[in-house]
C-alpha cells in the first residue's frame, strides 16, 4: 500500500493554497490539474446555464485584479494578497466612492475582529470586499478608488471524477469540494485527503469494490453531478462519504446519513467504535444543514451518504474566515483522517454476505482440518468461535458487519474465518 | 378566539351542580339543555331496551322524592339535600323498617367516615341509601319510615353531540360524561370543560379538521354511541380524547390509547412534553379499567382515544364520594385544562403531511426569496433550518409531528416554514 | 403430581455414575435402561456409518479393559477405577513404551494439577490416557506396559425418546445428553433431571401440550435426531430446552435461542423473572458454542430451543474434569432445577391465544355474574382487572404470556380470568 508522507501532504497543500478557487472558473481547473498527479481525474465541463433539477449552473468567474486605493494612496484589500478579500463571484466595478458608500460593500465580523470573512454571491449580481473588522475601523474618511476587474462569462463549471474499478460493480462514493479559496480545514484539506486516499486504494493488489471519487463545487456541483450520475449511483452505490473538515486535530465526528442505518453508517461507526479508546469520537444524527450530503440525501435520492469529519462546519470559531488557515490544521491530522477513511474502506471490502452450504446441523469441521483434534491446537485463539459465528449467522440475513455487531467479534477475525470456510466449501457468497 | 372567563366557568358549574343526573332521565336532559348555551347540541334519544352490542339500554329513572324519617321523626338522607344519598336507579319502595333491616340498604365507607359514597345499580333492581359512616353510627335504634318515590319507565337514554365542521372531513372526537350527579372532578368539570373547548374552537376563523363533541352517560352511553357512529368513527377519526377528571389542580396525567402510538398519543405527549418545565406531567400506558376509552378502545374498534386528566379516577382519596365537590376543584385548573386541550387541537390542525415537489437535490430557495442573500437577513432565527428540515423530511412518510420529534424543532416554526414553502410551490399537501 | 424425593434422585445418580458412557456403545444402552424406570423410552438404533447431513455416525465403542503397568509393576490409570482415565473412543493398543513415548499419549492439565481431564476422539483414530498433572509428574522413568483392550465395531448409536401426549399436537422438546461418563453437572444430572421432569408431567391429570423427551449423545446424536425428526419438529414444536448443567447450586442462567424472542425464551424468562427476588439469575444471548442448541438452532432449522442451566459449560473451573463430580453438585439443586423446568411447562400449558367474542365494546359481565353488584364482592382481588385485560387484549395478537408482560399481571390470575370468561362464552380459543 502506498502510504503518503507528511511532507507530501504539506507540499500539495502549499501548492494548492494560493489558487483562487470559486464555483466555476480557472481556479478549479488549476486545482484539479494538480490533484491529477495523485488521482487520474476525468473532467466534466457543465456549461453555464445548464438546468440541473431546480438549479441553473452559474457563469464562470474570472478575476483579473481587485483592490482598493485608500485616500492616502495605499493599495488595500488586494485579492492578490488574500483571495478572501473579494466576495466570490463579484461582478466588475470601477469607481471612486466615499468612505460611506464604500462601506455598503464591505463585510467584516465585529465579534471576530481579526478575521476576514468568506462570502460568496454566485446567484445575485453583487460586488464586495471582505476585511477584518480591525482594518475596517481604521479606514480613514475620504474617497476610495475601487477596482473589481472580473469577468462573468458563459463558460462551464468543472466536475472531475475518477473511478477505481474493483472486482465487483458495487460502488463507494468519496465526494469532496474544490470551490473554496484560501480556507484550510473547510476545505482544502478535504480534496487533498481524498486524493491521497485514492492513491492508497489504487496501490492495493486488488479491490472487491469499485470506488468513485468526485471533486466538485459545493451544492450546485453535487446537484449537477446527481443530474448526470444519480440513477447510476442509486443502483450501484452501497456507501458514500463527504470528505470535509478533515484537517484539524479535533476528535472525529461522524454525521449519519439521512436514513441513519445504511451501510455507510454501520461501517463508519464500526471503525470509530473499535478505536474509541485511543480516539474519542462523537456521532451526530443527520441534519439538513451541512455540505453535499444535503443533495445526496435529498428525499428523491436518499443515498447512503455520511461524513467523517474532525471539527464540523459551523461549530468552530475559525469556520469560513481567514482564521481557518494553515495554522489551524495539522498535517498529522490529515494523515490520521486518511487512515480512518482507509479503514472504513477495508471494512466495506470485507463486508460480504454468505450462505452456509450445510444449513442443517453444523458442518463437521474436523474432517476438513478446521477443528483442533487431540494432537495439537494450531488455531489462533477465537478462530473456532469466529467460524461458529459465521456458520450460525450465514443465513443470508447477516452481512459480516452485522455478525461482528451481534457477536462482538472482530471483523478481521470473522473475515479470516469466513475465508477458511469458503475455501472448505461450507460457505458460499450471496450477491445482493 | 373566544376565551372563557373564570366567572363563566363558575357560573355554569353552580347551575349544573344541583341537577340529579343519572344514566337516563330528566337530569341528563336538563344538563344538556344548559350546555347547549355553549355548544349547539343535537340530542339522540335511544329507547330503553335497545340492544347495543352486548348491552341493553336501561330504563329511564325519575326521582320524585326519597328520604327516611328516623325514630325521632327527623327527615334524614333526603335526596333533595344531596343527590348522592340515594343509590342511583333505586327502585320505588315505601315502608317501615327496623334499624337492623334498614341497615341492609345503607352504604357508607368506614375508612372515610365523613364521606357519602356514590353508588349506582342500573341493571340490578335494588333500592338503597348512601351516607357518611359517622351519620350511620349515630342512627338510633327503632323504626324508620322509608320513602323511595321513584319511577323506572320505558323512556330513553339521551346522548347529545355537536359536530364542528372544518375544511376536511377528518375528525377529532371529544367525549365526556353527563351521568354523574353531585361529583365535581369526576365528572361535572368534564362536560363543562368540553363545552368551553367547543366555544374556543368554534370562534376560530377557520379549522382544518372537523371536531365531534359528545356528551353521554358512561359505558352504556359510549357503547350505544359506537353502535350508531362506530363505523363512521373508524373511517374518519384521527384522534380522540375522553375529557374526565380535569378540574383539580394536580399535575396532568396522560393515559395512552390501547394502541399507544396513535396520533392522539403523539399530539397529547407533544404538548405536555414541550411545557414540561412549567407543568410537570405523567404518562400512563393504557389499562382496561377507567372511563369510556374502555369502549372506544375495545379490540373491535381500537380507536385512537386517550385521555388528558389531572387527578386520575381511582387514584385520589375523594374519588366517587361527596368529597369530590366544589372544594376539591379549582376553576383556574379547569381553564388550564382547556388550554392544554386547545393546544392539542392546534397541534392536530398543523399536523399535515407534505411532499417536496423537487425531491431531487434541494430546491433553490434563493431564487424564490426564501434564502438570505448578502444584502440582509430578514428571516427569523431557525427559519432556514426549519425549512430545510421540512424539505428533507417531506417524503410522504413524516407528518409535521414526526418532523418535530426527529428534528427537535418547534412545531409552530415547522408549520410556518411549511406554509412559506407551500406558497412558494416547492411543497404540496399529501392526503392520507 | 408425582414429586420426586431427594433420596430417589441420589439413588439414580449413584446407580448411573459408574457406567462408562460414550457416544455409542453399551454404556449408553445401560443408562437408558435405568432411565426407562422413570420415563418409558423407545430406542432408535442408528447404524454406524449412517450419513446424517454433514456427519457420519461413528463406530460403537466397547471397552473391555484399559490400564498401564508402571516400571514398578503397579497397575495405574485403570479405566475400571475412573472411566475418565481412557480417552473416549480410544482404539485398541497393547505394547511396552518408554516413559517418553508413553508421554505422547498422556493428557493432563498443568493449571489444574489435581484434575483428570475428559477427552474424546470419536472421529480420529487415537488412543490415550488422561491423568492428573500431579500423577503425571511423579511417573518414574522406565518402561510401561500399556493395555487398551477396546473394540470399535460397526454397531449403532442409541437415541431414546418418549412422547408424552397431550390434548394438542403442539410439542415441547426436552433434550439431554447421555454420552458423558463420570461427569456430574455436565452431564449426568441433565438426563436424571429430564427423567424426573417427565414423571412429574406424566402424573398430571391432563396436559394440553405434547412433550417430547430425547436422550442422545451430544452433537452427532442431535444431528442424527434432526435427520429423523427435523421436519416434524419444525411443524410441531413450539418451544424446546437443552437440559444441561442443572446440578450445581449456582444461580440459574438462561441461554436464549438463536432467534432470541421465541416462545421458549419468553416462557423461561417469565418464570425466572417472576422469582427473581428469591432466585437471582442471568440471561445470556445465544452464542454458537455450547451444547445441542448448536444443532437445533442451526440456520436451516432455527428451532425455538434455549437452555436453563446453573453453572454454564465452559464457565466453571471443574468443567470437563474429574472435579465435576458428586461433590460439585447438590441433589437439592437438581430438585430446584426440576421445579423451574416444571414451572416453565406450566406456563406453556396456560399460554393460549383467545379471541373476545364480543369485540365491539366490553361484554356486559354483570349479567353473567362476573361483575360485583352492590350486594357483595365475591371476587378475588385483581380478578376483575385480569378479566378486563384478557378481554382487551384477546384480539388474536396476544397470547397469555404477552398479556402478562404488557399488563404486569400474574399469569395464573390471567389464566383463571380467561377460564371464567371462556366458560361464560365471551372468549374463544384461537388455534395458531
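The first chain written gets the first letter, and so on, giving A, B and C; residue counts start at 1 in each chain.
As a convention for this text, a contact is a pair of C-beta atoms (placed from the backbone, for glycine too) under 8 Å apart; a residue touches a chain by one contact, two chains touch by 3 or more.
The structure displayed is predicted, hence computed values, not measured ones.
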Neighbouring chains common to chain B and chain C, by label: A
Type of chain A:chain B copy interface by residue overlap (half), same or different: different
Between chain A and chain B, centroid-to-centroid distance (C-alpha), Å: 55
Chain A residues counted as touching two or more neighbouring chains: none
Residues on chain A engaged by chain B in the complex (per definition of touch): 52-55, 87, 107, 119, 121, 123-124, 126, 128, 219, 222-223, 226-227, 230, 258, 287-289, 294-295, 297-302
Of all residues in chain B, those that touch chain A in their complex: 356, 358-364, 366-367, 373-375, 384-385, 388-389, 391-395, 407, 426
